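Take a look at these structures.
Consider the two complexes below, in which chain A is the common component and chain B and chain C are the respective partners.
Coming up: the complex of A and B.
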């Protein structure tokens, strides 16, 4: 996978994960154009499109669009499954996830993604294992935060 | 706002901003506070501040001042700070930033940290944004971790290795020895990562590929385990056991089996099993089947398996899910050349997909349909394609039009059908066709001489209905100008006759001239056509004269120039007008600039169009020589040359280059050999012999020898030659143009023919000479040559 973008129906970016080195300017340009292209598509249309020289796979869940750019040899259908798996993970973690959860806890959304994908590839195919790892990491974070902090907010 | 406001509070506040300006102001204030906080050395709210900055960054505001803070946080001993620090690094630092190098050391340390989670952070960051330098530095560390006993770390280390190999392919050698043993792991995460790594290594290094071929049985075994295993709750997705892993293994098998019979054999049974047993009612199953089909088509699979794969794709085509249909067509596109007949079976469904609502599906269906057009189905397919053209989205029209033209060129069952098809396209989508369409169509029309009447009537009808499609208008004007006499006769077998008066025709042309929709080129066509009609009609020549003189003061420079010259043609050079405006010669199809004409297509098509000149009439050849003689004459005067230029410009790219050269070429080249020669012409004391000098696979050099056995000298002796369209002719200069009496010496002329498509060699030669003041001309057809080149 080259990158994954999450954005709302109004085109506001909620998460962006880049697995290829690009300058900030390029990222902004790509994001802007791709968001426009995907938002212009009608509801019943195909989830795959060819954009520039990339294959784009996107799926809409409620008010959020999950959009991935994959390489030529990657399997589009399994990418749809990857997107779905990520949504399931978020759902399990937040308990019936909605867009606001991702807005207000964006860093957690990133942490979950980083436990599922690494360097653009799936690292763990078992839902249970991913969630377990996040849980442990969260625990560690709690402990380390309270251990060392003198200023409690 | 207090500097220690929580992240979520800030987000709430920013979201409540009602305008962009308000938001900008809030963010500026917040960033200033964060910057101040960063400058303080010890601060318990560091994680919050960086998190806030990351949020601001995601909104699109600059956040580069947070880069050093990321570096600092990564180096912190606290996990909570490391976690956000590494996240910040992945978001704010990329390999292009210098600051990224500063974290290399921290990553190195963290890779050997006692806590798995810290190691995990380091691995994730390295795999996400590690530059080539960082990768080189840390490659040995990763190698060490590959041997780690913990599957949690191992799977991450493996994917890190994948990233390193992508950045520095040579380092693949470092990881190859370990990669092999990883296939015996039980943990799916590790296994999946291992397959990804092996795939990456094999794709980059052919030696490694050969080495890993021996893992095929092991991979087959793992797959079998996945398919046959019962329900495994941990990995089950819609009834498929770990589809992610299955897909990756299939992809690796594809690479290993490519171009290798042994490996392909070893996986044949497995692929058949997966293809038949996988339930494709949900996406997960379809994903596995899709990958299986891709693998089957790419390796050396046996035909039964291939048929199975194509059938799966056929089933996909009928699936309700649009995504599956799209995937199916993408795959069919890949194999349409190699497994043409198999794909043809699904042609009906593919053509139905042309009517799908989705533009991506339409595009795929179009590509496939064009690839599936063949001589047998051309009529039905073309009907569908023409219907598609009238309803397709605008971005596909140009592509459809050119696809239709190419298909028509290749498989047209008759010239009339061909012309009808092109006309239909011009009427439907004339604005989207390429520029060469107009000259190509004109060439096509001139060759179909028996259809001239039919064509011009049809074009006239189209013109009076709609003059907005410029290519159509241009072709129509040209034809009306050329064949106006046929149009006025109004009778034609295949089409409803029309009774037209000369005024009707001139009205049509004037409408084009005056309409604001006409492009300058179209108006030029119309003006020239009007002018040509002056020799083809009888009554309204005055009207034409007045039209032409009106445009003599037109603002458009091109039109003005033409009008002025045509005017001159009426006034000063009226005696030449008939000759200048005669019927155009048949345009040579293989002249330069003709893109469609390069497709020589099937033999049947060739024989119908390869006659050098349409049956019976030697007429086209005469005007050609006269026209060029005139060109020669006219070239010496100042005012009128433009008329001939304008005339030849109106008929785009005539055979000028090649035949002109033949007629006027005067370069050297003499050859006489004692090879058997054939007398091809003998009359009135003048004889012409032909001998073949040399001959290769695709070229022949011939020499003509002319001899004069009369009592008088023969002067101005010239030869002209014409050959079928697929053959190229080059005439070298003759040795002279005088044939002295009594046969004492001869004129020789060498001709080089190049025949790449090895069609039957035919030539028509015209001799022209002056004998005692009388100009004589004769034509001879040569069908057989001394050393038969091709039979």
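Coming up: the complex of A and C.
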């Protein structure tokens, strides 16, 4: 996978993850182009499209579009399920996740993504294992936060 | 819709609870997503920040948001710059705010240093935010990379798995070269170390994959590679999943090093596909056992040919059969996730079957399975089935099976609502097309074209054009198809397509009459596309005579038809039509008057467009002054085009590489045979700069006979000129002194700082000997010295040169030359040697020209003029007028004519200022007698008519060589420019 973008129905980018080195300018251009292309598609259309020399796999969940760019030999359907599993992970973590969760807890969204996908490939597909890793981190965070508060006090 | 203004000043917490129901993702999960209560406190420890964020997105307008953000940025900047050192918590808070602002789409140009500082914090959250900032915002060439690398190094050696994972994630996310350099040894070590935690192994594997993708040269293979392969056997499926991706990447680059992965992958795959759906616990996804891992393993196997070991091969075939069988089983869940995961594995298995292309039964089963999907209610599956079938169509085992689905695919083309699916259907039709179904497929594509989306029309046009050409048994069908293309989608017919139809018509005389008739009929339509006018104009201009016998398409009717379109066309088309008109003058003398009237009209002769005006003027003039013979030669039918790869195909390839077009080349070779024989056209273009001179008209007429050249420098139709122009030196060949040797045989040919090349040569009849002297001007040896000469019309023997030339020494090489044929190109001498550390390569044109093989012939005035008059046929004469660069010196000119090789016949011409010469060129196969007459002329407005057709090649060559001679002395003082007229006549006879 070359990159993953999450954007809203209004075209606002909510999360971006790039697995190939690109300049900021190029990233912005790609984002603009893809958001436009995907938003223009009708609901019943298929979830795959060719774009430049890449394949785009996208799916809409409520107000958010999840959009992945994969290479020619990559498997479209399994990518669709990568998106779904990520949504499941977010949903389980936040409890009925919504767009606002991703806006305000962007760092969590990134951490969960890093546990699940790394370098553009599935790292850990077990939901339990991913959430376990995140919860452990949260525990550490709890502890350090309390420590932090104590310092401030 | 989320209205940002609604939530102005409302805290995020309130929002979350109140709007949750509205925004929750519709996640249709029936298992494992129970909404277990989570206390908000554990999830949202830093509520203050959340409220702050809420303010950001609640801005009433874009301007307000920017204002608010700029204020906040200034605040953060002052905090970072302030005297008081910030504690870790505040630093984290502000770095986090910066990240948030960045993710809203604003540029951030500070805070990097603070983020790097966070990396060395002991507190997990601070470290985590630091790493996140680095991953998102630091680009690979940042100068902070050294500091970042240091922090990463510390975390990698911390032995705290959580910290190690953070560090590995950061490397994988940034993936810069500096990081690859710093950690190329460390990451593999962590990956294969016995005591590494599973989760760290997973991160290390994918981290290494990323580094290997960005900087493969920095990742040394080593002892760790074999241990990586054995990760396929790991107990932990997560580790296997991550490691498989790494192995795929490595195996693609070094297949031999990872060969052992094949048997391990087959074994692993076999265990997965035969497992009960609950065996793999959390790795089972909607009743499908480890779909991600299965897909990766199947992908890994596609890096290799079918396993040679029969047992492994058998086991793999079983796996693939099981996967195909499972596709037929009733679904275990109605969830789309279940079918997607199952089919993801199925499609990957089919990819592997196609990759192996060795098991006919599997291929046909795969094809049948895809055939079912072609009519599936899921659009995604139909799309993928069409895509995969394209691949199957190229296999000899399944090509026929794919063809049985033609009706379904055609139906898809007609009924699919999604353009990207229709696009796949077009691709598949293109891939499954062969001689048996070409007519049906082309017809379907043409009818689809009428309603096709604009975005894909051009591609369909190209595909139709290619298929029509590739599978044309009878070329009338081809011509019909292309004309239909132009009629239906003229705007999308690119130049390549209509150039190609003209090439084919010109190269195949059996279709010319039909083509003329068809374009004539097509042009009858009241509104026809401009591309049709171009094709029509070109074809009628060339072959209108073939249908002129029919009174319904008499010359005048043809002309009136073409001219009725003239005023609606663009300038390039009008230019082409003017050329067609002048060709008509040649084909049909009876319409000459009518056409001259048209050309003479003010709208032509005074056209504002310079090209049109020039053509009109020149064509009119040409038609008035040239005799029928000259017209016939100047306006002769176009010679066949050299065969080559269709430019349409090249264009389609460039557009995107899809479908199978491999046997295209072969079918083209078949056709090219009849073309090669007749390629002896010599096309003469005069380099004259005299705009009104007819010599220029000549060039223009020829050029305009082909479609006007626009931007495309490589356009095929024009190439024919450059290929037959005899002296077009490739830029790298040195020939600066070449012309000096036309009239002399000895001297220095070339000299640079290292090397001097001198020549001494003698010629007699068709034989010659040339001594080439290579002088080493340096004090150092030339090593590996070699010099070689290649020329096909000359038989050249030489002694190999000594490989070492000492400093200051001279090396001699002898070339024995035999002239086999009258040749055009002088041979090129390639000299290579090593001087100091570097190779020197020099290519230099050797002055072995056709005139060297002249034998002078003495004759009397009577004999000379008797022969001169006999040689009146156009192909026996070439004439050229050129300006003298300097004032003339009779003695110098005489010397030059003698040097040129002919006898100087003094007192033969009644006009004493003319020079005449005679000689015979000797080659092994033919002898060419030549007469030369050089007429100095003081009149300025002479015209040059060079006759081109069937001029003997020798004659043309002589003229070219002759023009290189500077006939005049170097005395410019008299300043009067004189003009020479040089006439060659020749007759050749075959040697016995």
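Methods note: the second predicted complex is superposed on the first by the 145 of 153 C-alpha atoms of A that agree within 3 Å, B and C clash if a C-alpha of one lies under 4 Å from a C-alpha of the other, contacts with A are read in each partner's own complex, and residues count from 1 in each chain.
Here is the rule we go by: contacts are C-beta pairs under 8 Å (C-beta built on N, C-alpha and C of every residue); 3 or more make two chains touch, one makes a residue touch a chain.
All of these numbers come straight from a predicted model, not from anything done at the bench.
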Answer with first, second, both or neither: which of chain B and chain C does A:77 touch in the superposed model? both
Partner chain(s) touched by A:140 [first = chain B, second = chain C, both, neither]: both
Check the residue A:36 against both partner chains and state whether it touches chain B (first), chain C (second), both, or neither. neither
More residues of chain A in touch with chain C or with chain B? C
Classify the contacts of A:98 with the two partner chains as first (chain B alone), second (chain C alone), both, or neither. second
Would you sort A:107 into first (chain B), second (chain C), both or neither based on which partner it touches? both
On chain A, the footprints of chain B and chain C overlap at residues 13-16, 19, 21, 23, 42, 44-50, 73, 75-78, 80-82, 84-85, 103-104, 106-107, 110-111, 114, 118-119, 121-129, 133, 136-137, 140-142, 144-145, 147-148, 151-152
Spell out the part of chain A that touches chain B in their complex, as residue ranges. 13-19, 21-23, 28, 42, 44-50, 73, 75-78, 80-82, 84-85, 103-104, 106-107, 110-111, 114, 118-119, 121-129, 133, 136-137, 140-145, 147-153
Which residues of chain B touch chain A once you look at their complex with the stated criterion? 4, 6, 8, 11-12, 15, 43-45, 47-48, 51, 54-55, 58-60, 77-81, 83-84, 87, 94-96, 115, 117, 120, 123-124, 127-129, 131, 152, 155-156, 159-160, 162-163, 188-189, 192-193, 196, 234-235, 237, 242-245, 247, 251, 283-284, 286-287, 290-291, 294, 322-324, 326-327, 357-361
Parts of chain A lying in touch with chain C, wherever the complex brings them together: 8-10, 12-16, 19, 21, 23-24, 42, 44-50, 53, 61-64, 73, 75-78, 80-82, 84-85, 87-88, 90-92, 94-101, 103-107, 110-111, 114, 118-129, 133, 136-138, 140-142, 144-145, 147-148, 151-152
In their complex, what parts of chain C are in touch with chain A? 1-2, 12, 15-16, 19-20, 22-27, 29, 32-33, 35-38, 42-46, 50, 53-54, 57, 87-89, 96, 99-100, 103, 105, 123-126, 128-129, 132, 135-136, 139-140, 162, 165, 169, 172-173, 175-176, 199, 202-203, 206-207, 209-210, 213-214, 237-238, 241-242, 245, 281-283, 285, 290-293, 295-296, 299, 302, 337, 340-341, 343-345, 347-348, 351, 379-380, 382-384, 417-418, 420-421, 423, 656
